[in-house]
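Since the structure comes first, as C-alpha cells, the remarks are kept for the end.
Here the chain labels run A, B, C and D in written order, and each chain numbers its own residues starting at 1.
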Amino acid sequence: MAEFLSLHDAVSSYVKDGATLAMEGFTHLIPFAAGHEIIRQGRRDLTLIRMTPDLIYDQLIGAGCASKLIFSWGGNPGVGSLHRLRDALENGWPRKIEILEHSHAAMACAYEAGAAGLPLAILRGYVGSDLPKVNNQIKFIECPFTGERLAAVPSVRPDVSIVHAQKADRQGNVLVQGIIGVQKEAMLAAKACIVTVEEVVDDLGVGPNACVIPGWAVSAIAVAERGAHPSYAYGYYPRDNRFYKEWDAIARDREAFISWLDENVLNTEGVQQ
Amino acid sequence: MNSDYNSAEMMTVTASRALENGMTCFVGIGLPSEAANLARLTHAPNVVLIYESGTLQTKPEVLPLSIGDGELCESALTTVSVPEMFRYWLQGGHVSVGFLGTAQIDRFANLNTTLIGDYVSPKVRLPGGGGAPEIATNAGEVFVTLKHSKRTFVKDVDFVTTLGFGRDGKSRDGVPNIGKGPTRVISDLCVMKPDPDTKELIVTSLHPGVSKQDVIEATGWDVRFISGLETTPAPTAHELKILRDLKERTARHHAGESVGEKS
Amino acid sequence: MAEFLSLHDAVSSYVKDGATLAMEGFTHLIPFAAGHEIIRQGRRDLTLIRMTPDLIYDQLIGAGCASKLIFSWGGNPGVGSLHRLRDALENGWPRKIEILEHSHAAMACAYEAGAAGLPLAILRGYVGSDLPKVNNQIKFIECPFTGERLAAVPSVRPDVSIVHAQKADRQGNVLVQGIIGVQKEAMLAAKACIVTVEEVVDDLGVGPNACVIPGWAVSAIAVAERGAHPSYAYGYYPRDNRFYKEWDAIARDREAFISWLDENVLNTEGVQQ
Amino acid sequence: MNSDYNSAEMMTVTASRALENGMTCFVGIGLPSEAANLARLTHAPNVVLIYESGTLQTKPEVLPLSIGDGELCESALTTVSVPEMFRYWLQGGHVSVGFLGTAQIDRFANLNTTLIGDYVSPKVRLPGGGGAPEIATNAGEVFVTLKHSKRTFVKDVDFVTTLGFGRDGKSRDGVPNIGKGPTRVISDLCVMKPDPDTKELIVTSLHPGVSKQDVIEATGWDVRFISGLETTPAPTAHELKILRDLKERTARHHAGESVGEKS
C-alpha cells in the first residue's frame, strides 16, 4: 500500500548504493526533483536504466552516482550531446561508467515484459544492426510456429523505479496523463516504486480507462511540485526548452557543471530551481 | 545559388515533397520533423504523423524541440504508451514511411548514430540508436535527410546502428517481414536513391545551382550519377512562406514558453 | 482509410465463406447486429475466433455458419451452457464443428501478439493443465536468459475482425470506452476490420489517452444502433441480463432456436430485436 | 441444520471469511463473486477485487451476472484491457489470491471445467478454462468454492483444466514462479485444506449440523478428516442480513434493468 513520505525519506528508504534504478518519463514527467535528491544523498554505484538518459542522468552521472547505464538514446533532445555522459564514456570523468545499449523498441518491450513478470521480451528487431555485437544481452530465438528469427532481450526488472505523475488521490492511486511513455511499465516492473506528484487530490476525476495505477501497486508517494522541471507536466507547466538549450553550455565544462550542481542541487533542500 | 532561399530551406522543402497524402509517417526529430510538418502544411494535409513518444496523428502548430513536447500530445488524435507505439503501430505494420536523420550514412545507406571510432574507447560518442533500428526495418520504406559533407557521407560507417542495405548491399535479401529500406536520401546538395541492383546510393537529382563537382567533393566515396540526371525543382514562394512562418512561430514559442519556466 | 458502409455492405464486402473471423467484445460491446447480418447473408465454413463465444457464436454456430471455433471459455455467463455450441460438439448439429481451445490468458496474449505483428505470444501459462494435450498449437520454449520454461501460442491474426464501439467521428476514428477487452488488439491483428458504432459524431470529445483507433487503421464503419444488444454499450444501454437468461430455454431446443432465428434474425432486415 | 440460514448461505459466508483486508483477489464469476463481495461489505472493506474483464479494484453495488457487467466498470478504480489484466496484473504478480468455482474437483484439488467423458466425443461439454489455468498458477494462493456432491468431488477429474497439485500431488514441486495453489476449499458441507505433505484435500472443519457421514457420502474418494476437526462458526445475523440484501438488490437490478431492454 502506498505510503506518503517526504521526498527525502522516500529516496533514503528505497534507493540504496548499488541499486538498479529506473527513472522514467519519456521527455514528459521526468522525475528531476527525485534525481536531485539522490545526488544530495550521495548515492553511489547505481545502475541507471532509462530509454533516454536526458539531462536527469547527465546530472547523476556527472555527480558520480552511477557505475552503469542501460539506455537506448543518449542525447539532449533537439540540442545535441549529453556532455557529462560523453565525458564519462570518453574520459572516465568523474569515474568510468559501463554501458549497455539497446534500441528504443527493445527497451520498450523489455519494460513491457518486466511489467508482465516475464524474464524476456521478444521483438522483430536489431535486423542488420551492429548493436548485438556490442551488447551480449541481445539474443535471437526461432519462432516454434513459423521458424522466423526474432530478437530476444532480458526484461527490465529494476530494484526501484521512480516516476513523476500529475496527481495521486488520498488512497495513493496515481494518475499519469498525456505522454505516458513507459511510466506504468517501469512502475510495475520494479520491486519497489516511488512516485512524485504535483499534488494530492480527493478525486482523480477521470474517465473509465485513464492511466491510473492503484495505490496497492505503489511503494511510496512524495509530493514534489514542479518536480519534473525542466521537463514538463501536462496540465501543469510546459517544457523549459530554454533550460534544455542552456544545459549544453553548463554540461560542456566540468567547472561550470560543478558550480551549477552546487548552486542548484547540493546547496538547496529540495527547492526546485 | 538562387538568393531567394538557402540550401537548408532547399533541403527541407525537397524532403517535404517526398511525403504524400495518405502516407503514415513515423517522424524522427530535427530535420525530418521540419520536413514532415511542412508537407502537412502544404501539399499533404492528410499525411499522418506519428512520433515515438506515442502521439498518433499529431498536428503541431510549432516544431517540437524534443520528440515528446506537450504540443505533440495536445494536437494528437490520441497518445498511446511507448511500448504500444513500437509494438502495435510500428512493428504491427501501420507505418508506411519512416523519416530519419543521421550523423553518418554510407554508400549502402547504413546509418550510424552510435559513435565515431572504436566502441570501447570512442573518439566521439553519439546519442545511439533510439527508434531508428526498428523504424528502418519495420516501416514500409525509409526517407533519410541530412547535410552533405565528407564527414557525413562516408564509404563505410564506423558502426551500423541502423540497417540501410548492409555492408554488402544485400542484408535485406530474403529477410521475412522487412521493409524496402531507404528509398531516397535528401541532402542540401542533391537527392540520392539506391541503385535497384547494387543498392549503392546514386545521385538522381541535383539541387539548383549545385554541380556534380560539389557533390563529389562532399561525398566520401566515388559517387555515381544517374544517366538523365535531373535538377530538383526550386522551392515555391508558398513553400518558403509556410516554412519560414513555421520556423518563426517555433522560435517564438520556444523562447516565449521558457521565460515563465525559469525561476 | 475507413469507409462508411451499410452493415449489409460492410459484411458482404469483407466477410467471405471460409474466412477466419474474430468478433470481439468482452461481455461488453459484443457485435450482435453484425453477427445477425452474417447469418442473414448465409456465410459458411467460417473459423470463428472469440475468447468467450457467448450468445453471438451460439447463434452463428446454431445457424450453421461455422466449421471451426477457437475460444477459451464457452458458457452463457452466469446462466449455464451454450446449448447450440454443445449440440454441435456433442451431436454434430447442424454440422460437426472443430474446436481449438485455449485459456483466457493465452488468447489475450495471442491477440496482443497479433496486434504487435508477431507470429507468437509467450506467457507463463498452462502449467500442469491438460489443455496442451488436446491443443497442438500450445508449445513450450526455454528462456535463453533464465532457462525458464514458458508457454508459446501462435498469435491471432484473423482475415477479418468485427467489433462494436460507442462512436466514430466523421474521419472514421473510433472510440471504445469502458470494458475495452481485446477490441483494439482484435482490430489491429486482422487483415481487415469492420467497426459497428452506436453513432457518428463530429468530435469524440475525450481525454489525451482514450482508447481511440485511428480511421486509417479501420477498413469499414457501419452504424448499428443498439448493435451490441443483448450485450451492452457503456454510456448507451445496459446489458439485457433477462435475455441472456431467456436464451437458455431458446437454445436448449432446436425447434425453439430455429423459430427464434426466423423471427428475430432471418426475417428482419437488420432490425434489432 | 440451523433453520436461520440455509447451506448455500453457510457456504457463501464461510467462503467470504477466507478473504482478508489487504488481499488482492482475482474473482471468478458466481459463488466466488458472491463471497468476495460479501467479504468487502462485511469484515474486509479494503479487500481489492479484480475481475478478468479488466476492472481493477471494483466495488459493485449488485452482483454481476457476467464477468463484465457495466456495474463492474462503473464502480472500478480503472478498467484496463484484458491482455493487460492477464499480463501486468495477474502474471505480473499483483494478485495475492485467486477465488475460483469449478464443475469438478479431485482429491489433489485439480479443477475440471472442460468436459465429462472423452475430449473427442464428450458426454457433457463444459465451458472450458477461461482465466482459471493461469489464475491458479500465477496468483499467490487459490481458494475454491463449490457445492458438495459425489459428482463434483471426485477421486480424479476427467480433465485437468486447472492445476491444483497434479495427478500425484507433486506437480508444483520445483516449478519456478508458481503460486502456492489451492489452500482451502469451501463447500456447503465443510472446509477442506491440502495435507502439507501429500497435498490431498482433508476436511478441517464441518459446518454446523453436518456429520462426517454426510461428507463421506458426498465425496468421491475415501475422504480423511483432520485430527482436531472443528465446527465452522455459523453465519452471524449481520453477515446474513448483508448477504440477503445484496442478493435481493441483485435480483431486483437484473430483473428491472432488462425490462427497458426488451422490444
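A few remarks follow.
The rule is short, and it goes like this: a contact is a pair of C-beta atoms (placed from the backbone, for glycine too) under 8 Å apart; a residue touches a chain by one contact, two chains touch by 3 or more.
Quick caveat, the model's predicted, so the values are computed rather than measured.
Using mean Cα coordinates as chain centres, the one most removed from chain D is B.
If you average the Cα atoms of chain A and of chain B, the two centres end up 27 Å apart.
Averaged Cα coordinates give chain B a centre that lies 57 Å from the centre of chain D.
Per-chain CA centroids place chain A at a distance of 40 Å from chain D.
Chain contacts: chain D has residues 73-74, 79-80, 87, 91, 138, 177 touching two or more partner chains. Contacts with at least two other chains are made by residues 117-118, 123-124, 148, 178, 180, 184-185, 206, 208-211, 234 of chain C. Here the chains touching each other pair up as A-B, A-C, A-D, B-C, C-D.
Here chain D touches chain A in the complex through residues 22, 24, 48, 56-57, 73-74, 76-80, 87-88, 91-94, 138, 177, going by the rule given at the top. Against chain D, the residues of chain C that register as touching in their complex are 26-28, 51-52, 71-75, 77-79, 81-82, 85-86, 89-90, 101-106, 108-109, 111-112, 123-131, 134, 148, 178-182, 184-185, 229-230, 232, 234, 237-244, 272-273. If you check the complex, the residues on chain A that touch chain C are 117-120, 122-124, 137, 139, 141, 143-146, 148, 150, 152, 154, 177-178, 180, 206-211, 234.
Chain B makes touch with chain A in their complex at residues 29-30, 52-55, 64-70, 72-74, 79-83, 85-87, 90-91, 110, 114, 119, 121-122, 124-134, 137-138, 159-163, 166, 171-172, 175-178, 254-255, 257-263.
Remark: chain A residues 1, 115-118, 173, 184-185, 188, 206, 208-212, 214, 216-217 touch chain D in the complex.
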